Amino acid sequence: MLRQVEGSKAVADAVAACQPEVICAYPISPQTHIVEGLSQLVKDGTLPNCEFINVESEFAAMSVAIGSSATGARTYTATASQGLLYMVEAVYNASGLGLPIVMTVANRAIGGPINIWNDHSDSMSQRDSGWLQLYAENNQEAVDLHIQAFRIAEEMSMPVMVCMDGFILTHAYEQVDIPTTDEVKAFLPPFVPRQHLDPAEPVSIGAMVGPESFMEVKYLAHQRMIDSAAKVQEVAKDFEAHFGRKTGGLLRSYRTEGAETIVLALGSIIGTLKDVIDELQLDGKSIGVVGLTSFRPFPYESVAAALKGAKRVIILEKAFSTGTGGIVTQDVARAIEGMGIKDFTVIAGLGGRPITISSLRNYLTNAMAENIDRLTFLDLEIDTVEVEINKERAQR
Amino acid sequence: MFQVRIHGRGGQGVVTAAELLAVAVFDGGKHAQAFPSFGSERTGAPVVAYCRISDHEIRAREPIMEPDVLIIQDASLIKQIDVFAGLQPRGYVIINSAETAEELQLADKIKVPHSLAILPATELALTHLGRPVPNAVLLGAFSALTGVVPLEAVASAINEKFKPKIAAGNVAAATAAYEYVMNQVATHA
Amino acid sequence: MQKPYAITLSVGSSLANHTGSWRVEHPEYVHRMPPCNKACPAGENVQNWLYIAEDGSYEQAWRELIKENPFPAIMGRVCYHPCQTACNRSFLDEAVGINSVERFLGDHALEKGWKIDPPQTETGLAVLVIGAGPAGLSAAYHLRRMGHQVVVRDATHQPGGMMRYGIPKYRLPREVLDAEINRIKDMGVVFQLNTRVDDVHDALEEGFDAVFMAIGAQLSKRTYIPAGESARILDAIKVLHGFEDGENPLLGRKVVVYGGGNTAMDVARTAKRLGAEEAIIVYRRTRDKAPANDQEIEEALEEGILIKWLSTVKYKGEDDMMIEKMELDEKGFPQPTGEFETLEADSLILALGQEVDFSLLGNNVDLDTKSGVMDVDSNMMTSHPGIFAGGDMVEGDRTVTTSVGHGKKAAKYIDAWLRQTQVEPKVEKEAVSFEDLNTWYYTDAPHAVRERLDATKRVNDFSEVVQGLDETTALYEARRCMSCGNCFECDNCFGVCPDNAIKKLGPGLGFEIDLDYCKGCGICVSECPASAIEMVSDL
Amino acid sequence: MSTTQVKFYQVGSFAVGNRLLRDDERSVQSDPDRTNALTSGHRACQGCGEALGARYALDAAMRATNDQLIAVNATGCLEVFSTPYPESSWRVAWLHSLFGNAPAVATGVAAALKAKGNTTTRVVAQGGDGATVDIGLGPLSGMFERNDDVLYICYDNEAYMNTGVQRSGATPPAARTATTQAVGKQPGNLFGQGKYLPKIAMAHDIPYVATATIADLRDLEAKVERAMTMRGARYLHVLVPCPLGWGSASADTIKIARLATQSGLFPVFEAINGEVVASSKIRHRVAVDEYLKLQARYSHLFSPQRNDQVIDHLQRIADKNIERYELMGE
């Protein structure tokens, strides 16, 4: 049903429509409204066969999720920022054990300094954790991705992270079509675990694996991640068949036909970018945008195909690797290796810094003239940092 | 695209106002996008919320820097921060105050005559609702001043959001505000 | 269920990992010597028959017992049970009442009328046993079990020897004595009573292949006592013997017994039962030096018998006598003090010990003797081939149990001598000590006291003083046994092995070490209550 | 005289079993058909107390739940020696996740079972003292505070044995470990440190808290059984001597546990809803020396000469326990 609703509430209702059996969470902004919504639904009986566990930390949240998923229960949790980092040990364990947990990451910066506003540093820090990572462009996609995530996770027996921009999406009221439980049931079959803890058929899960086999275990995880790309596409197609919406999948291109310059970005900034692209094209500029939904698995072929023919690609990132630059850039660069496409990176919106249309317009205009550095920090207060840099260097 | 910026203090339901407006717009068949000035502001601190209104899908997510409408839930803010920053030349201003434009020394800040409505929303809230919460009330004024949403849509949004008793009070207050502004506009003309 | 590679394993798959290879030593179940067994003069496997009795298999326990000793009912009454003195349980609370369980088994067997199986094969060899006392009867019993023809000759008209003529019936009822002797008769042992053997050599010529002499020590030791004309001085053995044959010795109202042995106690207590108002025992040394068994002294005192320690008899008159007080010198020997005391005494009975009466062996005695007893070698054989001797007439404690032991030992060597075989020498095994045990696991259980007749009642007649245990108490007592050195299947080893390397084979079958997994930690050994497991090196 | 069943006085209720005991008097461990939840072939040291404790506890839990059991295991010796690929020694549905999260994982398992309406399958979580009192204390406290339906069993060998005997929050004073060496002014672990988890557990007012040792099997089994009759968060703290870490003879493992109780250094008791309701009385009281002497980790207290001051201090601790938990019978 189409509703004007807060993103968090929409996601809570969508997760509820997937009929999870165990939900556990520890509160952290901006994830709170999602779990408050779910807690409400469990308590008021809307989700009769679901346990909501108020845990004492994110580490415990992921641990409870591991236990319940290993027991064959459809399991959900949500976190953000510091919380995600606090649960990291368990995050890796969940993927290592192949447990199909679905987790929302309400993207937020990582301290210090402590900062509660949006960027992608948190989920990007888990790039190598063995989890799938799907980024939502808007709240409609956030809703849809959660429903797709459970199916991908359970069919691949891999955990999936659905990343949605904190505040920008979680706290935004916009119109969203939230499928009903019955509609979801038709798309998402009951959870049949690959393996689970069962006294009738006991197994020992979580062995210690030595040098003789560890490499193989990791290689298998690698292949599984690669194979999951096909599953992400397949599920998106089937979702479209059920719900008539083109959401999810690996990536989506917007007005890139014949574009010399293509911007590649993840998450909610894609919307703003589309407006900018429309303006620029009105001015006859040859520019389009590629929205990357699936960062893990990273769709090398799809990216290469989407950027084919372009002269340059601008990767807009809300996180970066200190001392080197873009994180997504590294993968994109590999994808377009030898295609004669130049790559530029713009780091924007760190710690909630607004990414304005005007800044983007300026930057992209220069970019099309290749009148930019390989790496740019959008709207950086250059005077301020230069003063500080000089001070620091003087002190060394 | 029609952009609204709402100023107030933590606890005055600024975000709720934006949400109510968005719902009202949605009920009226248009697209809306409401969002707060994300932060950790506590009760009393100045806060801002935004609402975009459009006939088409709304994709941009930047904060509203050049609003078409300013709703100022607490007139005391006028002296403290630049609430009028970026206001469109032909923009609307709705202020919750028992004072006049002169008393508020608006002339120093904006070109008057501007589409301006000053009303004692808090008093109206107290009268009809029994609580000094002006947010829903001001939406009645918004409806009257801009005509972007009909009062009925505002009322239905209020009824969706609140429990019947509180909703009724709010609707009454919003209606009163609507009439108050209508009369003001009439006198100006 | 699909198991992901390596991270998920099948249950119990570690059984493929044989940790036995870690081991440098391993445990082994052993049978060690329990102190009771070692201390038993009759060589009974006390621990073993107690173990069998514990689950109520009384007949099996009894049959195990009589492999060594044909007289459980008698032993249960007259044995001074050195087994209990040696019992390790005495260090924990009190010794196991082995003797009372033995009596229970003996009496139970008589009640049920259990018989002794006759020998499977007859050897056709014949042995003459001279003397139907405990040694002779024991020898006869064992020899018969071995399949030999046995003839027992005794000068008296009833078998039993000192068991009948030395031990009063209030300690050993005659029906019990007769019943256990009859069991031996039923085996086919021939008794020739009132048959005095004057010459052992004739016996061999008679055609016996071997002879076992067990005529005891029946000659009372004498000592010179100045006495008046009509003073009554009697001999304890004769008094008891005569009384057993129905005579009523005239002892008078006041009786004095001279001596500190069991015979002295017996005769004094008998006198009391025959109606003496007063029975006094005079002994020249102290109570702890007295050879009499402590329980007997105790019972005597209970029955109102007065004992004058450190006193010697100086003179016996017609109805009185004089005794002299003694005192111990620094070496602990009694010395005269010159203090005298006069006692009223109608009769004085001498109980100063006995000697072997070699005159019974006939005139031409060519057998070696040594310090008043028959000299035998380690095989109980005298200096004459084929003639063996045992019991009180050879060196050793003069108790029924020792004699029974002699009889058994002699039988073994006689059999070997007859068959021209060798008895393989018995290796003296060290007894399990209290320290060897892990007594934590034994619950505290003080022993069951055997009821005894009230002293005032019991002096009125000759009914048995010490009562037996009923089944429940006997079982309780048996179960107090700590099973020193032998597994009693407490399951400790099975339970405490960190590697589940011990297999439980089921009741009566014990346990087995699974060397595939035993790492040799030794916990089973240290937690075995009975010290029935030992570590053995694998190197 | 009465003819009631005569007790088996050789062993009464102290040994594992006996051929003459009635079935209801037998311990789970005396049963040839016991689960052997932790079976042969595991790689624990010779004489490992933890291997013993884990089998005791889980076999009892298996019997109590009619084999409807799921076990969650923290990282540590127990986990490493029981499940090195490709072999597992467990005969129970078992899950190992991390060092510090066993209680939370168990909570998840319990929640899943509840959501599925499975009321027969029960959950046990287990870990060593490091996992329990140190790194896993947060999740454990959370599991307690929510009163989740989990029995948590701590096998306490008083240090980080898996990593090579480093000091843990459960290491007793004066004990030598790889990080509290027997050198300096105060050799071994310091007095006035460490935490006693049973009391921390009791402070949560959970239904059941108990301590036990591998020296009294029947007591341990009874406590597991009792715990399994209850719902909610339950805690069992089991002392499991470690021959490697304590420097004791592998054959003395149980003996040392017994001495720990008989000296009063390790009180054995039961608490219901935060209140102590029963304690195991000392049968043969011994001085702490008897316990300390057998362990190399305390050897510095006896050579070159007896350190009276420190040993007296330890004796005072034992005496305090005896008083506090009423360990001496009336």
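Per-chain residue numbering starts at 1, and chain names A, B, C and D are given in the order in which the chains are listed.
As a convention for this text, a residue touches a chain if its C-beta (ideal position, glycine included) is under 8 Å from a C-beta of that chain, and two chains touch if they have at least 3 such contacts.
Keep in mind that this is a model prediction, so the values were computed, not measured.
Colleague: On the document's contact criterion, could you list the chains that touch chain A and likewise touch chain D?
Modeller: C
Colleague: Please identify which chain has its centre, taken as the mean of its CA atoms, farthest from the centre of chain B.
Modeller: Max centre-to-centre separation from chain B belongs to C.
Colleague: Please tell me whether C-D or A-B has the greater number of C-beta pairs in contact.
Modeller: Higher C-beta contact count between the two pairs: C-D.
Colleague: Counting only Cα atoms for the centres, state how far chain C is from chain D in Å.
Modeller: The mean C-alpha positions of chain C and chain D differ by 50 Å.
Colleague: Taking each chain's centre as its mean C-alpha position, how far apart are chain B and chain C in Å?
Modeller: One centre to the other, that is 115 Å.
Colleague: What whole-number Å value describes the gap between the mean CA coordinates of chain B and chain D?
Modeller: Computed value for the inter-centroid distance: 66 Å.
Colleague: I'd like to verify one number: the distance from the centre of chain A to the centre of chain B, where each centre is the average of its C-alpha atoms, in whole angstrom.
Modeller: Distance between chain centres: 35 Å.
Colleague: At least two partner chains per residue is the criterion; list those residues in chain C.
Modeller: In chain C, 6-7, 9-11 touch at least two other chains.
Colleague: For chain A, jot down the residues that touch at least 2 other chains.
Modeller: 97, 198, 202-207, 209, 213
Colleague: Which pairs of chains touch each other?
Modeller: Every touching chain pair, ordered by label, is A-B, A-C, A-D, C-D.
Colleague: Give every residue of chain A touching chain B within the complex, in rising order.
Modeller: Listed in rising order, the residues are 4, 6, 29-30, 116-118, 138, 166-168, 171-175, 268-269, 271-272, 274-275, 352, 354-357.
Colleague: For the complex, give me every residue of chain C touching chain D.
Modeller: Touching chain D from chain C are residues 6-7, 9-19, 22, 54-55, 440-443, 445, 470-473, 475-476, 479-483, 488-492, 494-496, 498-501, 504, 506-508, 514, 516-517, 519-523, 525-527, 529.
Colleague: State the interface residues of chain C toward chain A in the complex, per the touch definition above.
Modeller: Those residues of chain C that touch chain A are 1-11.
Colleague: Would you pull the chain D residues touching chain C in the complex into a rising list?
Modeller: Per the stated touch rule, the residues are 1-4, 6-20, 26-27, 29-30, 32, 36, 39-44, 46-49, 51-52, 55, 82-83, 85-92, 94, 217, 243, 249-255, 258, 283-284.
Colleague: Write out the stretch or stretches of chain A touching chain C in their complex.
Modeller: Touching chain C from chain A are residues 96-98, 157, 194-196, 198, 201-207, 209, 213-214, 216-217, 220.
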